[in-house]
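Look for chain A in each of the two complexes below; its partner is chain B in the first and chain C in the second.
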Partner chain A sequence: MTASAVLPQAIEPPVSLWADAWRRLARNKLAMVGLALIAVLLFVAVFGPWLTPYDFLSQNIDARNLAPSLAHPLGTDDLGRDVLSRVIYGARTATLVAIVVTVIAMVIGIVLGALAGYFGGWLDAAVMWLTDVTMSIPNLLLVVVINTSLKPRLANWMEAQYLETLNPIYRNSIWIDFILVFGSMALITWPPYARLVRAQVLSIRNRPYVTAARALGLPTWTILTRYIVPNAVGPLIVAVSAGLGTAMVLESAFSFLGVGVNPPMPSWGNMISDGLRVWQHYPHLLAAPAIVLGLATVAFSFLGDGLNDALNPRGTK
Partner chain B sequence: MNAAPAHPVAAVPESAPARPPILSVDGLTVEIDGRYGAATIVDGISFHVAEGETLGVVGESGCGKSLSMMSLVGLLPNRIKVVGGSARFGGKDLIKASKRELRAIRGGEIGFVFQDPMTSLNPVMRIGEQLMEPLIYHRGMKRAEARKRAGDLLRLVGLPGAEARLDNYPHELSGGMRQRVMIAIGLACEPKLLIADEPTTALDVTIQAQIVDLVKSLKARLGMSVIWITHDLALLAGLVDRVMVLYAGTVAEDAPVDALYAEPLHPYTRGLLASIPKLTHEGDKAERLASIGGTPPEPGRRPKGCPFAPRCPARLAVCDDTMPPLLAAAGARPGHRVACHAVNGADRAIAAAEPAR
Partner chain C sequence: MLRYVIRRLVLWVPTVLLVLLGVYALAFYGAGDPIKLIFLRAPGDVAYNPARIEAIREAAGLNQPFLVQFGNYVLNLVQGNFGNSLVSGRSVWRMISAAAPVSAQLGLLAILLTAVVAIPLGVLAALKQNTALDYAILGSALFLWAIPAYVAGPLLMVLLIVLLPDITVPYGWGGLFDVRIILPLLVLAFQPIALIIRQTRAAVIEVMTEDYVRTARAKGVPELAVALRHILRPVLTPVVTQLGLIMITIVNGAIFVELVFGLPGLGRLTVSALLNNDYPVILAITLIGSFLVMASNLLVDVVYPLLDPRATDARATK
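So, the complex of A and B:
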């Protein structure tokens, strides 16, 4: 074999597909801007308690509706609370909700979509029927119904538990908000992921390398988890990046309407809602949370576009 | 009881193989459940592969070459089913075997090499991982052990830089190198039978020759049997022991390779051989390349008689309504069988179709 004369050190080091995609992503300026904004957002969300100049709950009657100043960079609201601190805590809420909701929706979507696409038949029909039904229900309506019907019952139940056990866990009504907000939002955001994964699996399951894996006698589980799903991940990453932004907007929208995270827990949505009532007099109360929310969603959408180009290099020019 | 194929199959015994058969297929019939009802796509084919033998399976696209081989190990698409026949392999009937048994046989005792090495490897998995997979699954090897064996396999198939390649992704290798990796994967568990489905079709000619030589030398070293599916008769000459020519899901001719080249009997085989381009010295006065007019019949629209009759230059009246049985050709070399009225004589066909032979 003449070819074996080639020395092993002549082989260039392996370049993974991901390293390759990262190189393409790094060349995209908008995507890098988005990534930087997201990094700042995550940093602020994680280290919020150490960054806030004031407690987000402490009120100061003498310092109400102050314009931005050195002491209060973004001013104060009608209860004299520091707006910057509240925006930072709002970032915590938005990030937590977006990540948890997207992860739940994605896991449901991957599992149902992959099973439907790979096995087809009645399972596929059932999953697709479920996505159709879910998507046909207006998002806001479903969340309003869940919140108005379940929240009082859950609150009552927790009150009863507290009286019985005196365990302070049951005292914290923020948990109810989070469980209901996460649950209802995941419930309305999973179908697009399921459809995307199913479509991917449908095209991948007939690729020659899947046939080759079956010809190797590998079990179905291995074929699904090692041959099919990893190859479907590219478009899914793009969808998740865009989905994180969408989830933030959704959370704000629900809070804006009063069916999301409730005061006093700060959320950009309910800050916008409060600010809207007085924006002619105190525009900073509306501008601060609205601009931050806008930046966050733009950042995710830039990153999503960049990932799309980086992971599907043939799709561009 | 006959789960009889649509056309009578000759009961003429072939000359006993010198070595015991490792795979013997009898009356394999495959149907597709199409829009207009079931159509037969493999029509009662019978063949055997002896230990250490290489069988070439030849035919145009859509003649059921790959399909008949895939049907043996349960690798058929949804709407396609085996409806009759048996396939004995290592004391088991593959057609009756459970899914679990077939999974153990695939990759374990029967290895595969596929046509297109560019798409037959998982693009997001390092080739070392893909080589280790069957070893871990079928042989129960530990990862370290499997990795060592994977390196040995890459050296066995002559991949330059063997071990150093384990961490490469498929896109970092050339087509020929990938096909070597495919062969290494196919051979990982030392199968008794390797089914190579047009393994050289997607490669350029110089690489084709390398791959053919590689399989020949590996076969000699490992003593396995090989089924080599191709539409390229020229490729088979120095590679296989026996050739089976398929046409529209039936066996047209089955012969030792030298007998087939010396004296092709079936008009279809002759047509295939005539359509191989030849290099002549007078390049300026090149002959027009022979071709066979028409296309194979679609499943479900097969003629009642010989499926090749509409395209056949030697057609007789009887060909249109009686399927010619596969018979040992009179005056030909031992083991040479052909299904053609013009060669065998229509009276022999009718005699063979009688139950009391």
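So, the complex of A and C:
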């Protein structure tokens, strides 16, 4: 290296951290498969309304439980609705829930993690205890409890708001589902983010530039938002990739159990649970959403693992 | 060492109580008046007699402040009394003790299967690091980790019936030695197996670079003996620490596996309670699930210093 580096043409341009990470990621075949699948998923989710051959709600009593054919590539369900269109709209639900939940959970995690790491003391102890407690309750059961207890309350509140304001927005039950699903899922998925951010902040808060900022007399708020948090969120990338996958799985799990997004809004989870009732006669009703959901979660898992290796090259060669 | 265990136990109690309080508060303030929930289900004379409802409420102690009721609930819990189901009126404790053996047998068997399958595969993948075999094992582990039980279960069932059309559908419970247990057991063990394969592989790779392994190799210890004696023992420590996470995946997985394969365990009890808003049952199952996870974590914390003596000093003085 030293001998050839003298020659001008042999000097390599400096490789930035991200370009280096990307190169490692691109070499990982599984991660690239995952990335491609996720790209397809996002495309379908965004442009879904223009891709669906039929309206996902339109029922056709003459075309019930059809096997896959040219007119209906994935067949039709027991109400004569086109399964492909429902799978595509399910992608919209899954993506929407995954993104919103991850963003909410990340914000909670960053705020609590940064405060805990920066101030330490009893605040740190309290936040860490809270993450321990949250992570000790099996997350499905926690959501079940939140759902059974808060859903009727929220529904009553919405009804009261409607009677008071006559604003039809309060009459739409889909909102209740979404608020509950987003809220309860964010409430159980924030701890990993908080822990990551806290660990980062702990290592950053005594760096010279932070001490300098403190010596300049900058307010704590400015130090946190300008100097600490931006430098602490880097490692979240891996966690976010894994978190998106987790949120997607959770969403379908809850709809599968009937506590998530409810019909007629299509969700892969409730399509699977509907399919489970009739699979001996119409296996495609079960197989189509199950395979698509499986592909999506596997894609996030592959990409998350590849990102982990690419950004933390310590363990790999 | 003893002081450390006692310290962990003392710290453990408030955590359990906080979980209890949180879950109970959700049910108390959210679900609404249990008396109303009971009589709304069976509207008879009682439903239209507010005075009688008040009397029943008084007798059951439901007009007392939240903290008093919570205290009573905890006292009852300590005595193994979980209250009664809103739907059937049966004792929740009876319902749970009827369903628990099925889940417990399945879960323990899944943990056993995980240990038997995943640790050798993880060691194998690490010893053959960066070969096709390693990639195959790691890739399958990632795949198994990502596939939810309610996708794997139904798809395997469809596949089985397509491949062997004459077989009876694996639905229902016939004890541990019944063939119908194979599929639910596999599906339940998928995620723990994936987790332990990855954990074991990473740990073995780290241990392999240690000086004492090089020394053992240098003095001519056979490769198998190096793997068994010098590598495997320190590797088991990080693997054991995953017990809490395994417990979470099994408690969560049991809900779906039991639903898909029709097993009469706690998972199915949860789902039916959920659909009926039977919150004393949900409350009890949530507490039992959390208790299992927290007990596993406590067990890990207590056992860890025994496996890795280096951890004793650092932890006991913390």
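Quick notes on this structure:
Going forward, the second predicted complex is superposed on the first by the 265 of 317 C-alpha atoms of A that agree within 3 Å, B and C clash if a C-alpha of one lies under 4 Å from a C-alpha of the other, contacts with A are read in each partner's own complex, and residues count from 1 in each chain.
By definition in this document, contacts are C-beta pairs under 8 Å (C-beta built on N, C-alpha and C of every residue); 3 or more make two chains touch, one makes a residue touch a chain.
The model shown is predicted, which means the values in this text are computed figures rather than measured ones.
Once chain A of one complex is fitted onto chain A of the other, the partner contacts of A:R207 are limited to chain B, with no touch recorded for chain C. In the superposition on chain A, A:R226 makes contact with chain B only, not with chain C.
With both structures placed on the common chain, the touch criterion links A:I146 to chain C but leaves chain B unconnected.
Once chain A of one complex is fitted onto chain A of the other, the partner contacts of A:G217 are limited to chain B, with no touch recorded for chain C. Taking chain A as the reference chain, the count of touched residues is higher for C when chain B and chain C are set side by side.
Taken together, the two structures place no residue of chain A in contact with chain B in one case and with chain C in the other.
The residues of chain A lying in touch with chain B in their complex are 1, 3-8, 10-12, 14-17, 120, 207-209, 211-219, 222, 226-227, 230-231, 233. Within the complex formed with chain A, the residues of chain B that make contact are 73, 75, 78, 102-108, 112, 114-116, 119-126, 133-134, 137-138, 158, 160-165, 167-169, 171-172, 182, 185.
Chain A meets chain C in the complex at residues 30, 129, 132-133, 136-142, 144-150, 152-153, 245, 249, 252-253, 256-259, 269, 272-273, 275-276, 279-280, 283, 286-287, 290-291, 293-294, 297-298, 300-302, 305, 315, 317. On chain C, the positions that touch chain A within their shared complex are 15, 18-19, 22-23, 26-27, 29-32, 130, 139, 142-143, 145-148, 150-152, 154-155, 157-158, 161-162, 169, 202, 205, 244, 248, 251-252, 255-256, 259-260, 270-271, 274-275, 277, 279, 282-283, 285-286, 289-290, 293-294, 297.
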